[in-house]
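Consider the two complexes below, in which chain A is the common component and chain B and chain C are the respective partners.
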Partner chain A sequence: MLRRLKEWLLSIPSLAWLVFFFLLPTLMVFVIAFKPANLLGDIGEGWTLSTWVELGNPNYPAIVWRTLRLSFYCTAVCILLGIPFSYCIARASEKCQRWLLMLVIIPFWTNFLIRVFAWKAILHPEGILKHVLVSVGLATPDTMLLYNEGAVLLVMVYTYLPFAIMPLYAAIEKFDFSLIDAALDLGSTVATAFRRVFVPGIRRGIQTAILMVLIPALGSYVIPDILGGPTSEMLGNKIAQRASTDRNLPHAAALSALLCLGVMLPMLVSTLVLRRKKRGEP
Partner chain B sequence: MKRSRLPAVTLVLVMVFFYLPIIILVVNSFNEHKYGSAWSGFTLEWYVHLWKDADIWHALRNSLLVASVSTVVSTVLGTVAAYALDRVHGKLQKFHNGLIYMPLVMPDLLMGMSLLLFFVAVGFKLGLASICVAHITFCISYVAMVVLARLQDFDFSMMEAAYDLGANSWTATTRVLLPALAPGIAAGALLAFTLSIDDFVITFFVAGPGSNTLPVVIYSMMKHSRFMPVINALSTLLLVVTFVAVGSSQLINNKKGTDLP
Partner chain C sequence: MSGFLEFEGITKSFGDLKALDHVSLSIRQGEIFSLLGPSGCGKTTLLRICAGFETPDSGRVLLDGKDITDLPPNRRKVNTIFQNYALFPNMTLRENIAFGLQIAKVPKKEIAERVEAMLQLVQLEYHAHKRPHQISGGQKQRVAIARALINRPQVLLLDEPLAALDLKLRQRMLVELDGIHDEVGTTFVYVTHDQSEAMGLSDRIAVLNRGVVEQVGTSTEIYEAPRSSFTAAFIGDTNFFNGRVCEIIDNEYCLIEIEGIEPRLRFFNDKNLRANVRVDVSVRPEKFSMDRNPPVPSLKHNTLRGIVEDIIYLGSHSKCWVRINDEYLISVTSQHSRFLLDRKPILWNEEVWISWHADDGYMLERYDENDEALLALPSDTDLIEEPAAVDDVEAE
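Take a look at the complex of A and B:
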């Protein structure tokens, strides 16, 4: 009995804190989405569906679509760059591997804002990249490198690529490369061996990498805000605008609820896929 | 298998992609040219500007205060949580475990937004206190993960031995368990401090008037492209600080690693 009490006492502090300041606020997002706003920028009395009706405004589907599109592109590029990159690390000598992994992590010790800012300075109309591109004739003086979807995508890839590299490296490092030799001996081409042996072999790593990039990408806010223009806004920007400049909290809550569902969906799919896979295996 | 050159080429190009922006930023912090498109001479002017900026010093003070409070509270809560997760099993612990993991996968934006709604709904005044609460909330999970990893290597028969030798549970905990966990707890605290100092998104949502932390100030400078070279200088200084901190903690860890069996 005393033991149970002790165990209970040990879990209570963090449990209570997280229930209060994490679980409850998250559930509140879904509740407040059905509340009206009042003029003071607070949450009004009673219940309403009007916030959800306003989300039908043709502006929103375009922003939701752009958020999905940019996140998918970013994930795809990270996986496509991450596989050969991690392959190269995994096949290096052990000492080399440690050095290379260190080199991947070091830039990410720096503050996230600073990395985004470094790119803003490079892509700036008066910045170095524009200068170089104009002098070699690849751009005209009025080419705009900043404030468009391309800039946003580029920096999203820059930010999230290490999140893809780590799980991919972990999977490739464990992969048994003699399986590839076996496939080639049995007459398969390099391309087929890659597609039918290597990719299925590192499936778990690919799946984790997709989640690690896709989830934060969907919630991007700083990158489109600093490097994107009005035509490259993402869901995150709208949430921040509604929460700070326009101060319509129920509206911000409804958009957050939408994003929350959007984030949970890929996690759910991945869990289901894993479970089915497990059951399928003997 | 025929070695393709593609992976090696990707490796080199991606490394250049990773480092080039940071190198350009550091170089430009000493560049007289305002936009850094060309080198127009060495200067320390931007560092002098930085030194005189009162807003930045005020924000730095706020950042350090918030980070210290959040580190202490989240280290205690996270360590106790890790102990409970490691030692106790049952339905409640499964739920506890889920609650510890969830903040790790939740996008910052959603966490900031939900905390803002919570503070407004319960009438909690936004300011340094609300920032601390938010930071503690996301730091607990990281501390718990780091300490849990250390606990999994701890041999609990050492505790039994201490009891057999007549120690009571207080003595056994403070003289056997805590010293063994100390490197894990220190690593967790360091991580919490770094995360707190670095956080922008969550702080942005829960900060009130006059409670700006350093990243919030940097953000508003960046957003309006004002004082770009001054931000370069500030970033360079922060880079140096991070490198020294992480480098020395790595050195300490390595030394400890060789001493232990």
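Take a look at the complex of A and C:
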């Protein structure tokens, strides 16, 4: 009994943190979504379902679809690039490993917003990349590198790649490469060894990397806002627009709640999958 | 040469390190052949060349008459048992064992039958559904054997397969390995740094040192008639004497004069040396008999007098070091048969006589003073198990 009490006392600080800064704000978002909006931009009295009905806005399905699509593409590209990159880091000499990891982390020393603006400069019609591409004949003078989905996806991958590399590196670094030798020795090709031994071996790293990229990607706001045009808006932009431009907090809250559910669902699924797999593993 | 598995002049360097230097070996079909040597002698590299994980800088590997030097590992009828077993953690034991057959696209029904037969051979029928982390080291070892043998390889390579097991289990697995070999009859190439494993299991042994084959022979040949000081010192224990032939007796024996040692010593002259030739001779510790009284003089025995400097009691026998003079400290093994006869055991600092029969010494073809380091009194650092990592580094 005393031990239980001690455990509770010890977990109070972290529990309080989670309650005040995570649980309550999230609940507030869900509560506000059921409140009416008033013309002053405040939250009105009483309860209503009208905001949820407004989510049936014919513009939304396209935006939701784009958000999902860009996030999934971004996740897939990050994993596909992250595996060979992490592989190289994990197989490099110890000294090289430290340097390469450093290179992965260095961008975080600069403010995220500044890095996104830097991309704007790079992709700008008068920017350096455009000049280079035009001069080697890969682009025509009226090719647009900026303000489209491609630009958004590119910078999303740039932003979230380190979040994929870190868990993948951790998994590959622990992987026992004599298993690959064993698979080759038993007659498998390199491709089969990769598919049947390497990928299952770093499965946890891949799962973590997917969560680490997919969740923030779904909530992207700054990147499409700065680099995307009106045709590459994502859900995050709509939420910001409803909250700050339209001053319709309940509507923004309902959109946020929708996104929140969309993020929690895959997490819930992956936790359940992990738990079921755990029975057979240490 | 007409062996089943042939290494012809294999040379392999890693940077400045010459791991193998013109190694030629001929291994017969169906035999258990051991590659024995200390860490870093090149034995693992030779095995990896045979498996296809390394390509030699020069030389050829022939299997059943075909050149397999440049074949990738997955196209050789050779399977390996890895030092850490390398079982696939994401598969059950049954899936592990079936892996090779699945890759070879053997029909499902046949796979099931052969896996079942293999599980029986290694006595793991009741564990087939488990995963590698749920079974013991000895069981992992057996899975590794089954997973390799199910492909019916022409040669099975074993890379220090017992190194990770404790002593008792190691001895049992050794017997099991021998039994499995009798049953399947596959050619085994066995890499180890443990002389007792090699001598207990092998039909023939190749002793490797610094990338060079020192000697190839049966366990008895290598133990009783080592050609070089390295073999003599690495296999078992021995004592070296460096001297000059001064007289030939009956064309059979010779008297050897050793600096600082009083009587001239009689050795069997199997190398047909002539007088005045310098020679290195060696006598194993268990060939001596030790007594505190001088033995009855005999023409065929050599006798030396010395002081016992150190005794290590080892249960089955004791090891003593007897100081003859400043240069010679002789290692002597003595049995404890006298314990119940109420005779006082020999103690430190006692004066003793050691003697041995002239036939029990042997002459060496090659002698390297460094090898005497292998015979030095064990210091504290030697007692710590030598890590096998040196070989791994060499392999990379």
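Throughout what follows, the second predicted complex is superposed on the first by the 258 of 282 C-alpha atoms of A that agree within 3 Å, B and C clash if a C-alpha of one lies under 4 Å from a C-alpha of the other, contacts with A are read in each partner's own complex, and residues count from 1 in each chain.
By definition in this document, a residue touches a chain if its C-beta (ideal position, glycine included) is under 8 Å from a C-beta of that chain, and two chains touch if they have at least 3 such contacts.
Source: prediction; values computed, not measured.
Undergrad: Tell me the contact category for A:184 with respect to chain B and chain C: first, second, both or neither.
TA: Once the two structures are laid over each other on A, A:184 reaches both partners.
Undergrad: Touch check for A:176: first (chain B), second (chain C), both, or neither?
TA: The second partner, chain C, only.
Undergrad: In the superposed arrangement, does A:87 touch chain B (first), chain C (second), both or neither?
TA: first
Undergrad: In the superposed arrangement, which partner chain does A:192 touch: chain B (first), chain C (second), both, or neither?
TA: The answer is second: A:192 touches chain C but not chain B.
Undergrad: Decide which partner touches more residues of chain A, taking chain B and chain C as the two options.
TA: When the residues of chain A touched by each partner are counted, B comes out ahead.
Undergrad: Regarding the shared-chain residue A:21, is it in contact with chain B (first), chain C (second), both, or neither?
TA: The answer is first: A:21 touches chain B but not chain C.
Undergrad: In the superposed arrangement, does A:201 touch chain B (first), chain C (second), both or neither?
TA: Only chain C; A:201 stays clear of chain B.
Undergrad: I'd like to know which partner A:61 touches here: chain B for first, chain C for second, both or neither.
TA: A:61 contacts neither chain B nor chain C.
Undergrad: Is A:267 touching the first partner chain B, the second partner chain C, both, or neither of them?
TA: first
Undergrad: Taking the stated contact definition, name every residue in chain A that is touched by chain B in one complex and by chain C in the other, in rising order.
TA: On chain A, the overlap between the chain B and chain C contacts is residues 181, 184.
Undergrad: So in the complex, which bits of chain C are touching chain A?
TA: 51-53, 72-75, 78-80, 82, 84, 86-90, 99-100, 103-104, 131, 133, 147-148, 151
Undergrad: Taking the complex as given, what residues does chain A use to touch chain C?
TA: By the definition above, chain A touches chain C via 176, 178-179, 181-189, 192, 196-197, 200-201, 203, 280-282.
Undergrad: Considering only the defined contacts, which chain B positions touch chain A in the complex?
TA: Per the touch definition, chain B meets chain A at residues 1-2, 4, 6-8, 10-11, 14-15, 17-19, 21-22, 24-25, 28, 34-38, 76-78, 80-81, 83-84, 87-88, 92-93, 95-96, 99-100, 102-103, 105-111, 113-118, 120-121, 133-134, 136-137, 140, 144, 198, 200-201, 204-205, 215, 218-219, 222-223, 225, 228, 231-232, 235, 238-239, 242-243, 246.
Undergrad: If we count contacts the way the header does, which residues on chain A are in touch with chain B in the complex?
TA: Interface residues on chain A, with respect to chain B: 7-8, 10-11, 13-15, 17-19, 21-26, 28-29, 32, 42-43, 81, 84-85, 87-89, 91, 100, 103-104, 107, 109-122, 124, 126-128, 130-131, 158, 161, 177, 180-181, 184, 190, 193, 211, 215-216, 218-222, 225-226, 236, 239-240, 243-244, 249, 252-253, 256, 259-260, 263, 267.
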